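In the two complexes that follow, chain A is the common piece, with chain B as its partner first and chain C second.
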Partner chain A sequence: MQLPRVRWHIAVFLTPAVLIYSTVMIFPLFNTLRLALYAKVDQERVFVGLENFRTLFFDPIWSEQFWNALGNNFWFFLIHMLVQNPVGIALAALLSHPRLRFAALYRSAIFIPTVLSFVIVGFAWKLILSPIWGIAPSMLDAVGLKSLFAPWLGKEEYALTTLAMISVWQFVGIPMMLIYAALLSIPEEILEAGEIDGVTGLAAFWKIKLPLILPSIGIISILTFVGNFNAFDLIYAAQGALAGPDFSTDILGTFMYRTFFGFQLQLGDPHMGSAIAGAMFAIILVGVCLYLFGIQTRMRRYQL
Partner chain B sequence: MKSKFMLTALAGTALVATSALAEDVTLTVESWRNDDLTLWQDKIIPAFEASHPGIKVKFTPSAPTEYNAVLNSKLDAGSAGDLITCRPFGASLALFEAGHLADLDDMDAMGNFSDVAKSAWQTDDGSASFCVPMASVIHGFIYNKDAFEELGLDVPTTEDEFFAALETIKEDGSYIPMAMGTNDQWEAATMGYNNIGPNYWKGEEGRKALIAGEQKLTDAQWVAPFETLAKWADYLGDGFEAQTYPDSQNIFTLGRAAIYPAGSWEISGFNAQADFEMGAFKPPVKAAGDTCYISDHTDIGIGMNASTEHPEAAQTFLSWVASPEFASIFGNALPGFFPLSNAPVEMNDPLAKEFVSWRGECESTIRSTYQILSRGTPNLENETWGASAAAIKGTETPEALAEKLQAGLANWYAPQQ
Partner chain C sequence: MNSARSNPINAALMHGALILYTLIALFPVFVILINSFKSRKKIFREPLALPDAESFSLVGYQTVMKQGDFFLYFQNSFIVTVGSLTLILLLGAMAAFALSEYRFRGNMLMGLYLALGIMIPIRIGTVAILEMMVATGLVNTLWALILVYTAQGLPLAVFILSEFMRQVSDDLKNAGRIDGLSEYAIFFKLVLPLVRPAMATVAVFNMIPIWNDLWFPLILAPAEETKTLTLGSQVFIGQFVTDWNAVLSALSMAILPVLILYVIFSRQLIRGITSGAVK
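What follows is the complex of A and B.
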């Protein structure tokens, strides 16, 4: 009849993580949300309730910028979903082919850009695509396609897509690695059983492997979503805080930065900036919830 | 044993710290002029430290486009330097109103400056000055003298001559007529719109009328600069849409372009880079004999962080900045930044001399968007960047751009409503 022992070690092991996480993540998050409810009037910080959000969504000047940034953000996300993830899956499928030689070399080469800094990626690609010093125009020239070249980063209609493709180039290694791992974990017996039933080659991929890696694809999609809606670095490194040309590459991250910290003669407004940060948080939260409750719970899982 | 050692170590550091405090005061200067780092370290700071023992100065610049953001967060966090390089107008006024910049009216040395020079760093009613004016920059065009000689071109003075010269260079084909890109947007506004604009809106007359609400950005004299900029596109290099500011600088200093729409701040950099002779001409006027207007923009001041720990030392430094001695060091160490103090400064650099000589021939004005008009949302200066870039690229008509700017300004600025 002994009382259950108090398991101190649980508390002891949890405390450091909880403390650090609270001070550097949870507190700043809620403080930012709180900051969004204030405004500066005559050097005094006053509580204004949801006024900042009303300005952000309904004032014609603010809302135009906000919807522009949100629209651009969705386009940015769409390109990643349509290009990065299918290419990542295709690369993983190729890499997991048992007869592929130098698989390790390809794997590392494709993954390397992921560990590069945004600044390096932005700068390198700006140079590659530069109409003046870049190698892109001369490479196209060498194959007689010079006419296809345009100063992509400087044209409203191409700039965002170009940046999205650069980002895809940088991060395609992540879906590739995750899917590759998922593909390797599929037992040989299942594939062999399929072969006996006459399911081979591409059919084996579509009918056996793909259903088995769907949960990984779901995780990749949600990681892409969160990553894209928090994106800022690449656009800032390549196009600056004004996200030119003419705001065509402005996404929520750059819009928030410009508003929060100010730019050139524009003064920073931490309160409106926090309101934008709050909106970003809400968008990501809704997206993640939709995925968690709408998709993941319905996804079929197979016992391997 | 161990604790005893710790004690002595602690006492030791404490002693060192206090003695250092008694000996030297270190002043930190916040600035966006990272290009000037070596000049400060090699010329300005040694000159000051030689005549003011006991005060050490550290120059800690950040990137120009990030300066305001970085400075504001540092000031709010209380970690900003003792001396603050002041942007003209709105940004610094906001810092003063927020109590970050000290009032400098009691400083005797402020008498060394004209009212116009001080106006960029005063409250609207002129009752308080908070930065010592350091320098202004003048806009114009720098050209490659060798290229002009080779093609037998004369320096253009009227707009027709200007475009004729561009046409000749283009036809010849060995040089890009003009080195400018629209990728970074600000060159289009600063070196384009505000460079040629004063000739159309008649400098101060138009600028003040705009502030007073007597003229609108949709008036002919404010639309015309966009119309002229639209004609520039034919003479910029291939792919100018993605050409950045450093690209343009390099194209010109490598001798690949003949004309560079410039601000005088380029002079020292260009002198170091270019191995051909350069000249400068002022923004061309419409018809020969018209009064010319130049943008002689009060660009840099320096003020004191109101919460500095060394106010006396900082004041000493500021008084020195206001002195003729500093003006002559600065003006010659940084040709292209023209000191604003009343004491005349003899320039050695021929290009800088050329720029500064226009002060005698033309009416001076400052950039139209800087005073008062860029205080609200949307920010007129930032909007003008986009509009000027769009005008050059031809993505919108000059009228539509002016319409948009006017609507933005009228949105918050009462005299324009």
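What follows is the complex of A and C.
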């Protein structure tokens, strides 16, 4: 009888990566979900079941903050979907035009904001929009629109939208690049066949190219969703942990940070923080599943 | 060729739109950079003017150099980024090789398990990660950051690299086996050199988010001696809010390394994205 040869090299190749991934990512992920079921009572950790989630969703003090952060987060996402992705697609459509000169130059320049850190982007815009420095008002003045100026980041009704637009400004390069790649992969023959039938210019974009790049638009949408629902850095850099004015820019990431780390007079509470993380996890999971099973499988793909 | 495609008015409109957007994209960076070289009075009086002999001033940079330990921050960011990238590439390539080269029980399952992390952000687990780092004494060390970024980068790295490794010819590897090369030698001497372009793509993809991250440095390593450049500039600017020269100079100093990296790697980055590595 011959024993099956143990192929040790497979274990040697796999183990380090699996070990680090499991201990630093997967295990803490589940451990966080577990911690959400506990609370600290008299310096001791006791199991409280779903109590933290009940507090989060229904307790007047907590739930107001939670639904506020969640609503703001959806608005943040909506602005990205309505502005970032269409602008990205439009830029990609222009860039992919055959025989456009300087395409590479435009592409590299428009991508620059994407490589900058949130800290730089947040502060740079804060300075530019600041009424003290006056760059934004004087530029509006130059085109006769000075009356439109308001301290956008300081007003409750505009601050979140302004921050979302700053984030759009920063990340428009990503949909632009991905759509650009998708547009380049459309074979020339299809476009020429359209031309022979009289479909050119904008019509060619709407009727031929757009249906062909729908799968890429789907990928961008889910990337945007996941990115927006664990966003934190830009709001923190521009408005601080309190997500001012009066929590009007609070999103789930900043809410979780404040809760679990504490700020000023409020002590940090890792268990409530975990509960918020659990809620974020559920939202992201629902979004990803909707995409994978609802959208991606139904999308018509064309063999190119 | 078709006239609609080469209409000069259309071309002009397209250039106009692209130039306008390029200006929007670059304007804030430009304003920060030029004003960091101006005296305080000129920053406010003529914010859009280029620095000239009269308005030129380095007072902001002097404050930054005196007050903030930017070289240390830079060094920390550098160590963390290079350390994480090395681990992501080495361990990711090894795992990708195991998954793409050998058939064994649980191969599919292992692939799926590793792919989970592509869509789920590691930040969700922050509470437990902090607890673990405190328990192991790694909190406020650069190792905490390196481990977290490695775990975060591995899933996509394994995914991309195993796609590429499947394309390496079997004949080549079998020829190596006949010549008596061990499996390790086949990996390091035959396969790794062939997937170098894919490795570069993975490196560039991971580099920017690691360098720019604020969340984990803020939570896992906020001590003065382990601050990264991103966190360091955040704290510094927070303290010097009213000193506009210092703030603008600190921002410029944070922008420069990234811009230099971008200029060096932009071709690689753009090729990586457009070659469909993330499809």
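Here is the rule we use: the second predicted complex is superposed on the first by the 291 of 304 C-alpha atoms of A that agree within 3 Å, B and C clash if a C-alpha of one lies under 4 Å from a C-alpha of the other, contacts with A are read in each partner's own complex, and residues count from 1 in each chain.
Heads up, the rule we're going with is that contacts are C-beta pairs under 8 Å (C-beta built on N, C-alpha and C of every residue); 3 or more make two chains touch, one makes a residue touch a chain.
Everything numeric here is computed off the predicted structure, so don't read it as measured data.
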Partner chain(s) touched by A:156 [first = chain B, second = chain C, both, neither]: first
First (chain B), second (chain C), both or neither touched by A:75: neither
Touching partner for A:133 - first (chain B), second (chain C), both, neither: both
Which of chain B and chain C A:205 touches, first, second, both or neither: neither
Touching partner for A:57 - first (chain B), second (chain C), both, neither: neither
Broader residue contact with chain A after superposition on the shared chain, chain B or chain C: C
Partner chain(s) touched by A:261 [first = chain B, second = chain C, both, neither]: both
Contacts of A:246 with chain B and chain C, given as first, second, both or neither: first
Contact residues of chain A, present in both the chain B and the chain C interface: 133, 257, 261
Sites on chain C touched by chain A in the complex: 2, 4-6, 10-11, 14-15, 17-19, 21-22, 24-26, 28-29, 31-32, 43-44, 47-48, 87, 91-92, 94-95, 97-99, 102, 104, 110, 113-114, 116-117, 119-132, 147-148, 150-152, 154-155, 158, 182-184, 187, 208, 211-215, 218-219, 230, 233-234, 237, 244, 247-248, 251, 254-255, 258-259, 261-262, 266, 269-270, 273-276, 278-279
Partner chain A, residues of chain B touching it in the complex: 65, 68-69, 72-73, 87, 89-91, 94, 97-99, 181-186, 237-244, 247, 251, 369-370, 374, 377-379, 381-382, 385-386, 389-390, 393, 395, 408, 411
Interfacial residue positions of chain A with respect to chain C in the complex: 7, 9-10, 12-14, 16-18, 20-21, 23-29, 31-32, 35, 87, 91, 94-95, 97-102, 106-121, 123-125, 127-128, 133-135, 138, 169, 172, 177-178, 180-181, 184-185, 195, 200-201, 216, 219, 222, 226, 230, 232-233, 236-237, 253, 256-257, 260-261, 270, 273-274, 277, 280-281, 284-285, 288
Chain A - residues contacting chain B, complex: 43, 61-62, 126, 129-133, 137, 149-156, 239-242, 244-247, 257, 261-268
